[in-house]
Amino acid sequence: MKRFLIQRLLQLIPVLIIMTFIVFSLVYVAGDPVALMLPEEASPEDVARVQESLGLNEPFYVQYGIFLTNAVQGDFGQSYRYNQDAMSIVLERVPATMELAIASMIFATIIAIPMGIWSATRRNTFIDLFITGSSVLGKAMPNFWLGIMFILILAVNTQIFPVSGRGTFMHVVLPAITLGTAVAAEMTRLTRSNMIEILQQDYVRTAKAKGVSNGIVTYKHSFRNALIPVVTIMALQTSTLVGGAIVTEQVFAWPGIGQLLVQAVNARDMAIVQAAVFLIALLVIFINFIADVLYRLLDPRIKY
Amino acid sequence: MKDENQLLNVSNLQTHFFTENGTVPSVDGVSFQVNKGELVAIVGESGSGKSVTSLSIMGLVEDPGKIVGGDIMFEDKNLATYTNKQMRKIRGNDIAMIFQEPLTSLNPVFTIGNQLREAILQHQNVDKATAKKMSIDMLTQVGIPRADKVYNSFPHSLSGGMRQRVMIAMSLSCNPKLLIADEPTTALDVTIQAQILELMKDLVKKMDTAIILITHDLGVVAELVDRVIVMYAGQVVEQSDVFTLFKDPKHPYTKGLLDSTPKIQDLNEELISIKGTVPTPANMPEGCRFHPRCPHAMDHCISHEPQLETMENGREVRCWLFDEEVMEHERQKSGNEGTPQK
Amino acid sequence: GGEDNNDNEANTGNADEGNDNNAAEETDNNNAENDDEGQAEAEELIEDSTLVIAMGTDMVSWDIHDHGNTSTEAVHVNVFDYMFKRNKDTMEVEPHLVSDYESIEDDVWEFTIRDDVYFHNGDQLTAEDVKFTFDRVMEDDTLSEHARFTQLGDIEVLDEFTVRMTTDGPQPSLLNRLGQTGASILPKDYIEENGMDHFLDEPVGSGPYSFVNWARDDRVELEKFDDYFLGEDFTEWEEVVFRAIPETSTRVGELLTGNAHVVTDIPPNEWDRVDENDGTRHINAESNRTMLIIVRQTEGVATSDPRVVEAIDLAIDNEAITEQVMQGSGTPTRTRMTPGNVGANEDLFDTFVYDQERARELLAEAGYEDGLEITMQAPQGRYLMDSDIAEVITGMLSEVGIDLNLEFLEWSQFIEHYQGNTNEELMLLGLASSLFDSAQGLDHYTSESPLNEGRMDWVNEEFDELFFAADVNMDPEERSQQYQDAQEILAEERPHIYLHSINMNFGVSDLVDYEPRIDEMYYADEITRR
Amino acid sequence: MSDKKVETKEPHKSNTQEPLLEIRGLKKHFDVTEGWFKKKREYLRAVDGIDLKVYPGETLGIVGESGCGKSTTGNLIVRLLEATEGEIIFEGENLTELDGEKLRQKRKDIQMIFQDPFSSLNPRMRVFELIAEPLRTHQTHKGKALSERVYELMDVVGLSAEFAQRFPHEFSGGQRQRIGIARALALNPKLLVCDEPVSALDVSIQSQILNLLKRLQEQFNLTLVFIAHGLPAVKHISDRIAVMYLGKVVELTTREKLFANPMHPYTEGLLTAVPVPDPEVRDTRERVVLKGDIPSPVNPPSGCSFHTRCPFADEKCKQDTPAFEELKPDHFVACHYPLEGGKGTIQRS
Amino acid sequence: MSQQVTPEPIPEPPVEPTPESKRRLKKSSPITRWAKLLLKSKTGTVGLFIVLVVFIVGIFADQLAPFGVNEQNYANMLAPPSWAEGGTSEHFLGTDNLGRDILSRIIYGTTISLLVGIFSVVVAGVLGMAAGLFSGYYGGWLDTITMRLVDAFLSIPNILFILVILSVLNPGILTLIFAIGVTNWVIYARLIRGEVLSVKEREYVKAAKSIGTKNMTIIRRHILPNVFSTFIVISTLSVATTIILEASLSFLGMGVQPPDVSWGYMLADGRDYLATNWWLATFPGLAITITVLGIIFLGDWLRDVLDPRSQGR
């Protein structure tokens, strides 16, 4: 287990280096943020001075080297917009995004797993068709549209949930459902197809041959096995989830990384972009790692 | 006629699969009996309907398959009419089954003990501790060393032979009256196969369980069983005690099967083979199902389907060659027209 | 000179607010029955003396000298105080922290600070703080407000409550300058003791509200400052919350459900919904932001021909835009100085030219009878209905035979083109003037202005003469006349084609009274309980 | 029974002829260490030092339990795998040293028939293309000559010409295996390595293919290496048989000697474990039922690797690895206590 | 002839075609087989129908649209659909805030939505296919580098990546296609590589190697055709996700830029009118949903037909 952990950490390094390199190159190509930082009447000398003070006049590889050295020490530079340490601004937002992501994951799981099992065990019935249909529909709706509809119907017209913002449990419900719908749809389809495959496995037949009840066959023998691939693929979905959060956060004025990011991108506040992308990547990798551990817990065939 | 000794009587069993490409009559009128404590083999090439027959007995035919006709009398119950719920009491308790693939027939995520115990808890009124003791006993009986350790391990840490032993222990754990073993050794090495066959023989002797052994390895049949049922294309084509069958096979298919089996004793003969391949159930030939491959096929065979006829010592054969009338007719024809068709 | 012209221009915060309370029209629905829940929420908040204002964007910084952003300033005004403050009705500057002031010479001013002003941390506000504040912005050239304050020149502390400013030449608009962005007074001791970073985390001012919390992109929370120099009753709110809600329908949703009392940036299609809802109303108020098209008149460009430019102006039906597209949320204009600004030419306001026939003739005269293809760059989502306006203009120009390539740009790219002078023939922009003085609004057009050269390349000597004369003219009457004449020239020659002044639109709860200010500041104390 | 007995070939010509293929000290170790950092690298010794000679025109059978390294050996011979150690000398040239174009040319002479007729043919290629592929690859035939050659090959393996434009899935297993054989024969190879060519087939089809291979061998004077784990099939086709256990050859001799007088206890266990399709002998037949499971090739037992299952093993077997020696003429065995007379009498040396 | 059957050696082949292979021969034309499988699957039929209709609409947009894409009419702004209360007869789906005909814009939007959807998938597919094929086949350091690159890409949400790229480059359809393409290639690379790893272990690849076939030939003739079905399936579904992605980008202000119009743009543009003028966003939303639905159905069906395992079922 320890070795597994160390190994995973070491594997992280190249991924993060490549990733920062990609983002850094993009930032570099994006041209310099000085134009946006200075008032319009700034003279070319002013521009050059600021560029120099920010190290923007160095060649690309030097800039990247400096960035990397600083980044290793946790310093992603100052936000141009906020004049503050970029990483600490991004870190402020992590709890909100995590809250949203976890809530929507929970929502998706609660909805999707039973639905998937249900439709797999009643294959080709009306219920199956209905569940499959709704999950396809769930994938086909852009989530900002869904979010606005939820606000109109459930927050403005019926006033069951608060419209926006973060705070109580009720606040997280609508954003979580909005964000979780596509994930739930995906997960339902996945659970269904896994269950169908597992139900055809020899060991399920063995269980049936023992004369145990349908419940044991479905939930003990099949579900646990079906869950294994679901876990890994759902982990791969985290990055989609965070992507969806960018949109969802905007709709619900949810003060998470997503909103910060979009604004930072628009303002070319690249220190923030770098820090946020880095953090998101870490988060995604971390969740994949958790999934890996879970995977290993669920499946005794895999050893540490 | 109800025999005192009879345990299972399958008569005219028909199991069809209603697939998208039409109905597949995988089992098409199979009849046979099994007596208490008897070792019976069902042989036949791949796809001849052996597994489907056994699954029908277990009530485990999956959609889109269905038993569409015939009876499966087990003791005095007609299993063909049983619901899934009723079957659950029979399965694992009265009739147990061992599947072909020991590698995939055990659930990879639960311990051996967990899976073994399950059947005992399901059918016998005992607590967990007792069930555990019984399971470990059973494991010891099938010759697994350090059974209590194996009890807590996962299937993947066992070798193929051990897994198959676990499967056997599992199926015998409720003392079933009938054990169906569907190709229990095909996935194993010969040396391990020998161990398993030895073990099954011993256990049956000890527990007086009847066994239906499904295989297409005639060597295994010859080693183990009392009686042989030969299936071809969803039907029984011959049924006989094992000694007579090997000495004097009647049906041309049985003969072909015996001849094409390489024998370790005789050297250097050219092997005899049956030409062609087994027809798929979707493209069943008219008349005798074996006629396109049969070296003795006659005109009559092409258009008329033979029935399973009983011969001396309870043997049964499904072939026109043993119908006096037909043969008489054919002989006349060949007299008139020259040599009979090959 | 070219000093203070860029105030609140293109790079100001979100779109379009502004006010002139004469023009503010209110729609009110008191006859309808109450929407219970929404009303209940709102009432609950009011009872707690909490005021919630929902804006489209969040403030960006507590650094008064380094944000260049109207919506940030709109929050700052509640926490910081200025030496002068604009009257909410007349928009004229009045002394605020200053008890007395005097212009000793054209370029020497003396200000006496009130002696009863305290910062939130208990320190008294003195002349030292004033000097500290302005010295900071004048010395540090990385601050975005730096260029706008360099003219203040030397500041001398005469005694504890008196400062003397020696300006860089005569500054007729000095008082306006002292009442605008960047001129609020910082606590010298607090910052020197704790450092600027600490100040940015926990800002301290002398305004009616003190800082409690800022959750970025979510909310700013302020609470009443009990020792405010204008007395405890200055404001009736114990707590003020500014919320940032980017999505329009969400923002409106918060108003309708009673979770916000004042909501900014309501597009025309939502007006009915806000009005028809019980307990809320919609307010349409003028701002001093003008929508205009920058015309490149550089040699060789099609639009260097005045006939083409005139044709474009004539082809645009300004009223159709304001009335049909914007549902009355704007007024056609031929000048960028809206009424209320010093030197505004009111004759040019609320008029427009529109004559398709003539436009075609002019184009033909200019040699484009077979059509003309030009490009317009436009931002998207920056100003009220900006993309719609751009598309409508495209449609209008096509009717007279101008094929307009519309190039929508993301804001940072747009501003890059703007600043890099890589603008095409036309560029759609909204400009405001936070100084409320033509000195700032008309500086664009002088031949020396970096905002003209390379971007518009429009030169008119007569205009230059008028502008520079007015710039140092300490006689208000005469100065105003000079500016008005200059605007006449602009309306004819069209370095900018003016479209309309933009109105601000608010959704307001019926529990409060609110008259939007034309300078787009949200003084919480000016919002009152009904 | 049939009188059509196939001539027993003259015994191997070991002393008279140069071997076509000679394997010396061949090893293949697979790295099974997971991850980048591990204290100790672990290897799976799939093939752990084997020496074999194959003479022109003969058939060498290789038998052994599943996982003992038979396929790996086969793959090493045709250079589908790189050997960890050892030499494979084919017609005097060391194959393990060949590379690039030279190797490609050499491949013409060594062909392989694969175990699974279902997976060894590209499902998206037509029969004609499949058989033509080797010819095209080596550009031996073109145009008309090519198609003539393809049809000729189809005829040789008993596929009628009308099948040429069909896809593999339209054939039965036996027919597919024939396509595989036709491909292998296309370039007139000298050596044909058959890796369990019949174990995926039904009994009745197995015999068709075995007969065909035998016929082709005579017809084209092929040299065969025939790998299988079913002894009966190997017996039918081989002249000499090598018995492998855990990556090593433990016994090598003519098939007559092997069947009549196995000297390695493992060989004996293997022989008697094969069920005999004759119920008459089942109660009288003697068998040695081996106990225990096959040890792992990652951690092979010390000394004689068979000692864990051997009924005759003692301390010596645990410690010393027995040499692979020619204990009797043409009978090589690696055992400290080889069997004498095939009846379990132990010859203590 | 005696009744006793004497075993005779059975003559050697040529082997006759089996009845089954005869049957297959008759029907081996893939098109008829596909059509048959298609008609058997109801959702597949629906999916194909939808996709065909969408394509036809996209191709003949100019002919089909009753109004110009940017034809404005201030006199008739925000008119409800003709069949709804207050609607005008000439605008079947109503007009938008500039009085443009929504039906016409949806018809024109089809072209661009499809263009973006399809071409970005082509870009991603070609890149990903190449990366997957070569890294999977050759393995080694090439594989290591490619897979680390893939990991890096996968750890950043693609919408974010696209946002950054779009903010760097000038927005427009080409940029959009490029941005989506270069961020989505990893999905293909990873899946194709996985497939290649399994295909290259198949015996027919070994067989090809053993006869001395060159690596490029093996990739081209043996690997590529056998991973192609996977590719087709992913790319179909990818078209669906891209259409939704484009909508999200429009929502963030980075999608298609006017005067071009796509469904995503219309949906994002009309979202402010959801509460008051529902038809602005609802119809483009429906167009997206139905199309995506159709594509998903079609993709599922393709998965079934192209997966040899499911052919027997």
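Labels A, B, C, D and E are assigned to the chains in the order they are written; within every chain, residues are numbered from 1.
Everything that follows uses one rule, which is that contacts are C-beta pairs under 8 Å (C-beta built on N, C-alpha and C of every residue); 3 or more make two chains touch, one makes a residue touch a chain.
Fair warning: this is a prediction, and the values are worked out from it, not measured in the lab.
For subunit D, the chain whose average C-alpha position is most distant is C. Of all the chains, the one whose CA centre sits at the greatest distance from that of subunit B is C.
The chain pair A-C and the chain pair A-B differ in C-beta contact count, and the higher one is A-C. Subunit A and subunit E, compared by their mean Cα positions, are separated by 23 Å. Distance between chain centres (mean CA atoms), subunit B to subunit D: 32 Å. Rounded to whole angstrom, the centroid-to-centroid distance between subunit B and subunit C, based on C-alpha atoms, equals 90 Å. In terms of their C-alpha centroids, the spacing between subunit C and subunit E amounts to 48 Å.
Looking at subunit B, residues 256, 259, 270, 272-275, 277 sit in touch with two or more other chains. The residues of subunit C that reach two or more other chains are 249, 410, 412, listed in rising order.
Within subunit A, contacts with two or more other chains are made by residues 31, 148, 152, 156, 250, 266, 268. Listed in rising order, the residues of subunit E touching subunit A in the complex are 148-149, 151-160, 163-165, 167-168, 240, 244, 247-248, 251-253, 264, 267-268, 271, 274-275, 281, 285, 288-289, 292-293, 296-297. Those residues of subunit A that touch subunit B in the shared complex are 123, 200-214, 216, 220-221, 224-225, 228, 298-301.
Within the complex, the subunit C residues that touch subunit E are 248-249, 252, 267, 269-270, 272-273, 320, 324-325, 380-381, 387-388, 390-392, 394-395, 406-410, 412-413. Against subunit E, in their complex, subunit A makes its touches with residues 14-16, 18-19, 22-23, 26-27, 29-31, 136-137, 139-145, 148-149, 152, 156, 236, 239-240, 242-244, 246-247, 250, 261-262, 265-266, 268, 273, 277, 280-281, 284-285. Within the complex, the subunit E residues that touch subunit D are 7, 9, 12-18, 20-21, 24-25, 28, 202-204, 206-214, 217, 221-222, 225-226, 308.
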